[in-house]
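Below is one structure. I have some questions about it.
Note that the chains take the letters A, B, C and D in the order they are written out, and that residue 1 is the start of every chain.
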Amino acid sequence: MIPHRINKSAVQISAEVISNKKFGPYHHMVFAVGEMAANSRPGNFVAIAIGDSQSAHILRRAFAVYRAIDKGPMGGSIELVIAPHGQGSTWLCSRTVGEFVDLIGPLGTAFGVPSSNANAMLIGGGYGSAPLFALAELLKNRGCRVDMVLGASTAAKIFAPLEGKRSVSSLTLTTDDGSAGIHGQISEAIPRLIREYKTEVIYSCGPMGMLSAIAKIAEDFDIAHQCSVEESMACGIGVCMTCVVPIKYESGIKMVRTCIDGPVMDAAEIIWDKKTVTDLLHS
Amino acid sequence: MTTLDYSTKIGSKRFSNPIFTASGCASSGQELSQFFPLTDLGAIVTKSIMTKPRTGRNTPRMAETPSGMLNSIGLQGPGIDAFLENDIPWLVDQKVKVIVSIAGETVEEYGVLSRRLRAVSGISAVEVNISCPNVENRGQVFACHPDTSVAVIEAVRRNIGGELPIVAKLSPDVTDIVEIAKSVVNAGVDGLALINTLLGMVIDVNTMKPKLAGKTGGLSGPAIRPVAVRAIYQVHQAFPNIPIVGMGGVSTGRDALELILAGASAVSIGTASFGNPNAAMLVKNQLSDLLIERGFKDFRDAIGFAHRGV
Amino acid sequence: MTTLDYSTKIGSKRFSNPIFTASGCASSGQELSQFFPLTDLGAIVTKSIMTKPRTGRNTPRMAETPSGMLNSIGLQGPGIDAFLENDIPWLVDQKVKVIVSIAGETVEEYGVLSRRLRAVSGISAVEVNISCPNVENRGQVFACHPDTSVAVIEAVRRNIGGELPIVAKLSPDVTDIVEIAKSVVNAGVDGLALINTLLGMVIDVNTMKPKLAGKTGGLSGPAIRPVAVRAIYQVHQAFPNIPIVGMGGVSTGRDALELILAGASAVSIGTASFGNPNAAMLVKNQLSDLLIERGFKDFRDAIGFAHRGV
Amino acid sequence: MIPHRINKSAVQISAEVISNKKFGPYHHMVFAVGEMAANSRPGNFVAIAIGDSQSAHILRRAFAVYRAIDKGPMGGSIELVIAPHGQGSTWLCSRTVGEFVDLIGPLGTAFGVPSSNANAMLIGGGYGSAPLFALAELLKNRGCRVDMVLGASTAAKIFAPLEGKRSVSSLTLTTDDGSAGIHGQISEAIPRLIREYKTEVIYSCGPMGMLSAIAKIAEDFDIAHQCSVEESMACGIGVCMTCVVPIKYESGIKMVRTCIDGPVMDAAEIIWDKKTVTDLLHS
């Protein structure tokens, strides 16, 4: 029998938008969520319904929690960083203060914190940096050294708010087009930085390609690597089996749900190579 | 306060209310138990189980469509052993009514699964999924043809023994669903589950390839409700005494009532639970209000009412 | 400026662009001419015409559904005589490309209609509607079975003579659409139209009766697009050289591109015109932008691209 | 060949909501429509798209024009009276000033005006009274006597704005529950009123049952009767054939589109009896 309750602190609420500000190409949005905030850990996400009851969009969209503030002036609040991409996220970004959205959270696994203090490197791609700032604060309070590396295709797409930088020992930026920081893909810079900062554990969040490249590096250096993955999710609560990633299992493969066994997962367990997965599926 | 007898029957089994979960849309139950007590459901229908553990298809496994979605899970599951060891005892322990859905690649596999279920106590019915579109070969969709449908149902009947009601789950992707229904009714099923998903495809116009790794997937959600209502209406008209577990795009009490008026004795909530984990409870409460408003004292008087006139 | 060769072909006929109206969704053309010049269409496909004037079904004839609608018009029309006297000359006069859709209750009626069309000049193709679900008896849906489909197509071929392309319009409500397609391809059609509406029903939960006077109706609109894409993909895979006029829930250029990548040589706009009389022009403009963005110089290179890989 | 152009002054525009006020159980809404207003005649309707582009509602809803003002301070405007009934009308009634809706109009036939002055009776049920006020003004300006009879299930549901009453010679109210005016169904009061006011022509707008009852009375009195019918419309522009009503045609029946050959039709041509229609359809 399963020992722990699944979705154990998740609740469905109608959450008021209390702030919505453009931040470069992203929207920084704050929602009044009451007690939910107290249960949210860095790495958790929330799932938000799109449109009203007459919307042709029937599925929720998942968003990583950027910050959860337990007791603010408005009660508990949760903050998200949203890239207006397709119809769902664009709809959400156009909600104005005072409107309500249907929100479920907190969901999924959280980043695990090392038992003794360690040198941690936090690597974020695009809006993937969002959940890393709260993690940085947590790690710093535990006495860890926190080196942060943020990358994006171009300078404008790096999400790195001023106050977020407080908790980090170093901050390195990379851009594919060289418009800020190191020129190149984020993963290219990582090996050198690992050596420089004597990194003992990596935390990452961003596009699957980036996570996969970092996983390879972490394996080479033989250091622990927790990544927050992003697969298409229909339900966010573990009932639909759409959001799976392949992990190594006995001599084969097993599909695990990234909404309840993730989004934060041990990168070493995941089978990153698409071809290997296809081969194993058809063997 | 007006009271409503909300109970319903499938074969010899009685359920406290007609709102079930749909197979594959409630996993094994525990995930939803955070949101409402599972005992408030008429029954939970488990995800279709096969003999062996099954990995399922590659990702992406879903695509949202207008008022619907495609899925291609490919019957991922732990296999009957792990299922009987972990999932069933938990549900039985919680006193949840359980309908077990089974799926096989061959007629024999259905027989094997039925034999395994025979001895299990605490199960209220078996739903025989002969209509999953997410198989490599559409020739494997038994519900596409009367003879293959009958072969499976007979294998189940022979092996399951006792009086566990057998419900056959049919596909709407056939030329004549009444003909398929007729074949399995004659083969002795106690009920029918209508409808499974419609075969569909979405092409990603950026990659210019099918969006799902499995190319095709099953279409579900409100988009397909008119097809579900039609199928239920046709089959209930032909076999008014065979209980139907209706499903397809139900997300409100109004929707459930529509399927019931068409002829459903119970209604399963599928895709709606993805958008709203509390959908089944919402439907249950709204439906009971609507029935009472319309003067029904016994839920069963509403079944197939659209056929009878006022 | 990037240029795009936007023309397409069905059989021997060339059309300046691949955006058509869908049969029954543009009446005889004049109603839309207030909104855009009909000559901007690739072609107008007229409402299915029968030999005699036909009253059609009683009202209500429609019900809105999630991202779709049901209709049960029942092939109301003026009959071939009045049609050839009034509608065709007007369209020809306007220099609109015309595809005439025909429907019959018997194989003979299709033959009679074809003979009448034989002599008419200014027509670019005939679409043979063997898949209308709005008939009293579903046994009359010729496209449900290969033999009846073939009988109709042969009657049309024998009687129409000349080189007018014959397009067979198929129903998605069959177990195996490729089998039906195969039968009519072997019978010599020049193209296929996919898909007609799906059989559906809506029950009014207030009156507790079917909402449509004809009880069942045809489901159309965005809700059915995944079914259309799947049908087109399957049929194009089996018969890559047979042009397909694709339709089913197209309301934007993105949607049209999806059907084209699946294998459509032209795309008909149906229900979308009800919500937006300018839908066909919107689709035409958006589609051309999307094709240019993706580097296509010839529209025809995009047809069936999802099968070929990048 | 067809002599006149169908939908000949119809245009599709994005119309701004310039007023939205509750009026009993109805909403009185004003839209800025520019030149469209000049082409609108009493009896015409407009068709409005429901929800945004992501709405599950794909069809427009038809609304009779209550007033069209050619040259106001905001340019041309069109006014509607809307009963929030199902999802579409409820959505429309919740639009706020400054929002835009997608609107097509003017559509359909208009009320025909008698060539010489005549005693006209205008009969409206529920929001069906809306298009009658502009007609009353037109008829009065032509020198007609205008008697108006408005009915509803209950007093609150009678739509009769003060300024609308200016143009009428008499106004009679009826309510099914007796809460205002004459107690009973509107049609019960009509024969007496026809005699009293020496009515020569009837104009009606309201539920089909009411129109049918009035048609019977008009036939008995042998007076002309123009009614504005309401059938479910999918397109509003004549392309779908869903909106038909059965009219007498040769020895049988013909279905005509109420969106282009109506909504205003000669009541004497319509076959009101459902059973007759069914019999004719199956003969």
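Simple rule for what comes next: contacts are C-beta pairs under 8 Å (C-beta built on N, C-alpha and C of every residue); 3 or more make two chains touch, one makes a residue touch a chain.
Source: prediction; values computed, not measured.
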item: Shared chain contacts [chain A and chain D, defined touch]; value: B, C
item: Centroid comparison with chain D (C-alpha atoms), farthest chain; value: A
item: Pair joined by more contacting C-beta pairs (C-D or B-D); value: C-D
item: Averaged-CA centre spacing for the pair chain B and chain A, given as whole angstrom; value: 35
item: Centroid distance [mean C-alpha coordinates] between chain D and chain B, Å; value: 46
item: Cα-centroid distance, chain B relative to chain C, in whole angstrom; value: 34
item: In chain C, residues with contacts to at least two other chains; value: 66-68, 221-222
item: Residues of chain D engaged with two or more neighbouring chains; value: 56-57
item: Sites on chain B touched by chain D in the complex; value: 66-67, 222
item: For the chain D and chain C complex, residues of the former touching the latter; value: 1-2, 5-8, 10, 12, 49, 56-60, 102, 104, 231-232, 234-235, 237-246, 252-255, 260, 277-278, 280-281
item: In the complex, chain B residues that touch chain C; value: 65-68, 70, 144-145, 173-176, 198-203, 205, 207-210, 215-217, 219, 221-227, 229-230, 233, 249, 254, 257-258, 261-262, 290, 294, 305-306, 309-310
item: Sites on chain C touched by chain D in the complex; value: 24-27, 30-35, 47, 55-64, 66-69, 71, 73, 76, 86, 89-90, 93, 221-222, 251, 271-278
item: Chain C-facing residues of chain A, complex; value: 56
